[in-house]
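Lettered A, B and C in written order, each chain numbered from 1.
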Amino acid sequence: MGLILEVKNLTKKFGGLTAVNDVNFEVHRGEILGLIGPNGAGKTTLFQLISGFEKPNSGSVRFNGVDITGKRPYQIVNLGLARTFQLVRSFRFLSLLDNISVACLSPRGREAFGEVGIDAAASSILASVGLVDKARLPPVILPHGDLRKLEIGKALGTNPEFLLLDEPFSGLAHEESAGITRLIEQLHEEGVTVFMTGHVLRELMTLVPRVIAMHQGRLIAEGPPKEVASNKIVLEAYLGRGEGFA
Amino acid sequence: MMKLQFDWRSRLSRFRVWALSFRGGITLLCLVGLLLVPLTGREYLARIVITAMILTIFAASWDLLAGFAGQVSFGHAAFFGISGYVTAAFVKFVGAPWFLAIFIGTGWAVVFSLLIGIPCLRLKGPYLALGTLAFALILYNLFLTGTWLGGTEGISALPNIGSVFVEFYIMAAFMVASLIIMRAIVDSRLGTILKAIRDDEVGADAAGINTTVYKLVAFMVSGLFAGISGALFVLDITAVNPAVYQPLYSFYAIIMASIGGIATIYGSIVGSFLFTLLSEFLRPLAAASLLIFATLLILIIRFSEEGVMNPFLEHVRDLWDKIRGR
Amino acid sequence: MEEILIFGTIQGALLALLALGFSLVYGVGGLLNLAHGAFFLITAYIVYWTIHLLTSIPGLSYYPLVFGIAAVVGLSSVVTIGAVTYLGLMKPLQKSHIGVVLVTFAMAFFFEQFVKFVGDPKTHYIVPVVPGTVTLLGITFPAQLLALVFGSVILVTLVTLFISKSTIGKSIRAVSQDPEAAELVGINTDMVMMTSVMISALLVGFAAVLYAPGNYIAPRIGWGYLLLAFSVTIFGGMGSIPGSILGAYVMGYATTLTDYLISPSFSQIVPLIVILVMLLVRPQGLLGKKRLQ
């Protein structure tokens, strides 16, 4: 098995604010790891640092043993580490199929699907996220739930072995969340490593065997969801902000 | 990068379907109409249409960069002008034949598309607009104040490439080929990637696309076709001067592409022909002509965001369907 | 050295009037107004035509009065034109990313042709309203330019105060920071944007009223002023008001300096190169905020 991701002493400052403060953790190959924390804890910033969209002030990120700190996002994606965004993004004037095709056209996607298999690969990804009947539609007319699925579909187009999912359940109704949960379980069975955030632990509870918790840029707890949920520091972090999480 | 694969048989059957479709039929009809123009024997008309055809390539090249790759350039005249100058210089001072000069001129335009594109990579929106405009203006001023290549006067009295009617068919061939190639590019996988970068650059990066390389490819392809049009323009009017670098030329490209419809390529035909023919027909009204033209321009932009081509074709199609009783 | 100080200040004062409004309109509504230079042009011509008209009336021979009336006519026209342009052309096209750019370009083209059609393509001269010359630090220059500097400083201060203190000014700042949030708290964003376009037109109109006298005007001059406004705004930081004022003076001194040090024939190119370098090194401008994703 072994480690797929090693994060060491990662720090990111925005002016006076330290959004990610000396963070250290590891992700094992094939696991599903959760990341929780109240609003503004620094979860998204941590994802930005790992995926190359922000440069850290110090510290390093190793993926499959390769130092990827400071690499450009597309380079990291082509090494097999893809991500989704908390605020859904899409290629507005492209059909859903083409939205996915773009990712399949990345060097890593081409390698996996072959030059001629792109359309077929994009359709099958669209089917696996449950959007195949809308393949020809543009994303602008889709409801939010479908955009969340598209978001994951685009990441899958790059044939990732490691997926960062930033709040994949946010803004979803219960049954829609269930669909995404099934999808993540299925990816996990196929061997994809998943690292996902959620600021409400309940959403992650059934899905992840291990979570890490973040508060004010620091990691404050680690362990099985039940344990972390009853951790005093974690409770205080959430209570201090007047938010419930369980 | 991208390999364009040709499967002739399926192309042929697809062509047949297209030719019998509404849009295909209209296109072929227009093409035949265009090719008949010289047969009327009216030199004046042929001259105007030649200009329109050259400007079509220019406008379409802007559309490829701005409409498809999302890089809104205000300095497209730089590519147009540099190619025109180099072409003129090679014809005049080296005595190169015109078709060779076009190659060299266009090559320079591609080089300049990289020279301008690379520094502008990080720029977006109004910054990119002003950056490209500044490059074109610097070239304008350099050629205006410099003494090389004819200084302020430019280069003139180039030989004609043939009689008006021969020239007409040469230009038509260039236009048709350029448009088909540009349309094929935007419909290809490369086009999909460019559109993705236009719609969401961060998203394209996250999808594993090296946006830097593809934006430069867009600059180069656009520079190439702008270069071709610049070379043809200079060969047509048999002279060139620093005015080709003026912001006005860049804006002509933008205006023509927008009148026809941005992100269509073929809209440039409608835009350029309307633009050229309208300015020509209004000419007898002297001073009022450009004022009327400006007013029409405002109205078209204001009331037809998609440009005039697609809405017009839709109307005609409705009418056609009604006539056929569907 | 004194020359650079004086002429640089004059140039800076002009640029501040030109750029402040351009930057404001971009900052508030994301509107790139390519008709900005045409606003200068049309004001200058309205002033010129009004003077022409009034001086043909026998009783009116006191030039400052004639000019004053002409200036009022010019300024109120350009502010009206600004409001109409916003309501009729910019607002409906605001959603499309290039619509405003195209339509204001067409507007600029329209004004150029309008001026040519109503008047003629020739250059004209507006007699300065402040006669004579002044000598300062041993440098002699037209007194009109002193009026320009004073006028510019007063107007720029007033507009800055207006934006930072008044209720409308606060709405303007709210909209420029976050239009959607501003809309949610009940600010009429259309009204705010229209006001900014009108302020912008007023400022550029004043630039014309103060700077055109003593200079030649011609249908083409709008483009040059547009480029100046655009450059200073980029230099100072798109949408930043202090940035555009600072940028105006820095550019003013820089161009005057290059005129003296190198050669006036380069004075066209130097600002362009400055802009390019600026764009490449610090695209957000001197005081611009870095855009967040």
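In this text, a residue touches a chain if its C-beta (ideal position, glycine included) is under 8 Å from a C-beta of that chain, and two chains touch if they have at least 3 such contacts.
The structure displayed is predicted, hence computed values, not measured ones.
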Where's the contact count highest, between which chains? B-C
Measuring from CA centroids, which chain ends up nearest the centre of the complete protein set? B
Farthest CA centroid from chain A: chain C
CA centroids of chain A and chain C: separation to the nearest Å works out as 48
Go ahead and note the Å separation of the Cα centroids belonging to chain A and chain B. 43
Between chain B and chain C, the Cα-mean centres are separated in Å by 33
Chain B residues counted as touching two or more neighbouring chains: 202
Of all the residues in chain A, which ones touch at least 2 other chains? 53
Residues touching two or more other chains, restricted to chain C: which are they? 293
Residue ranges of chain C touching chain B (in the complex, touch as defined): 26, 32, 88-89, 92-93, 96, 98-99, 101-103, 105-107, 109-110, 112-114, 116-117, 223, 227, 230-231, 234, 238, 265-266, 268-269, 272-273, 275-276, 279-280, 283, 293
State the interface residues of chain B toward chain C in the complex, per the touch definition above. 66, 72, 119-120, 122-123, 126-127, 129-131, 133-135, 137-138, 141-142, 145, 202, 247, 251, 254-255, 258, 262, 287-288, 290-291, 293-295, 297-298, 301-302, 305
Chain A residues within the chain B interface of the complex: 51, 53, 72-74, 77-78, 82-83, 85, 89-94, 98-99, 101-103, 105-109, 115, 118, 154-155, 157-158
Using the touch definition up top, name the residues of chain B that touch chain A in the complex. 3, 189, 192-193, 195-196, 198-200, 202-211, 263
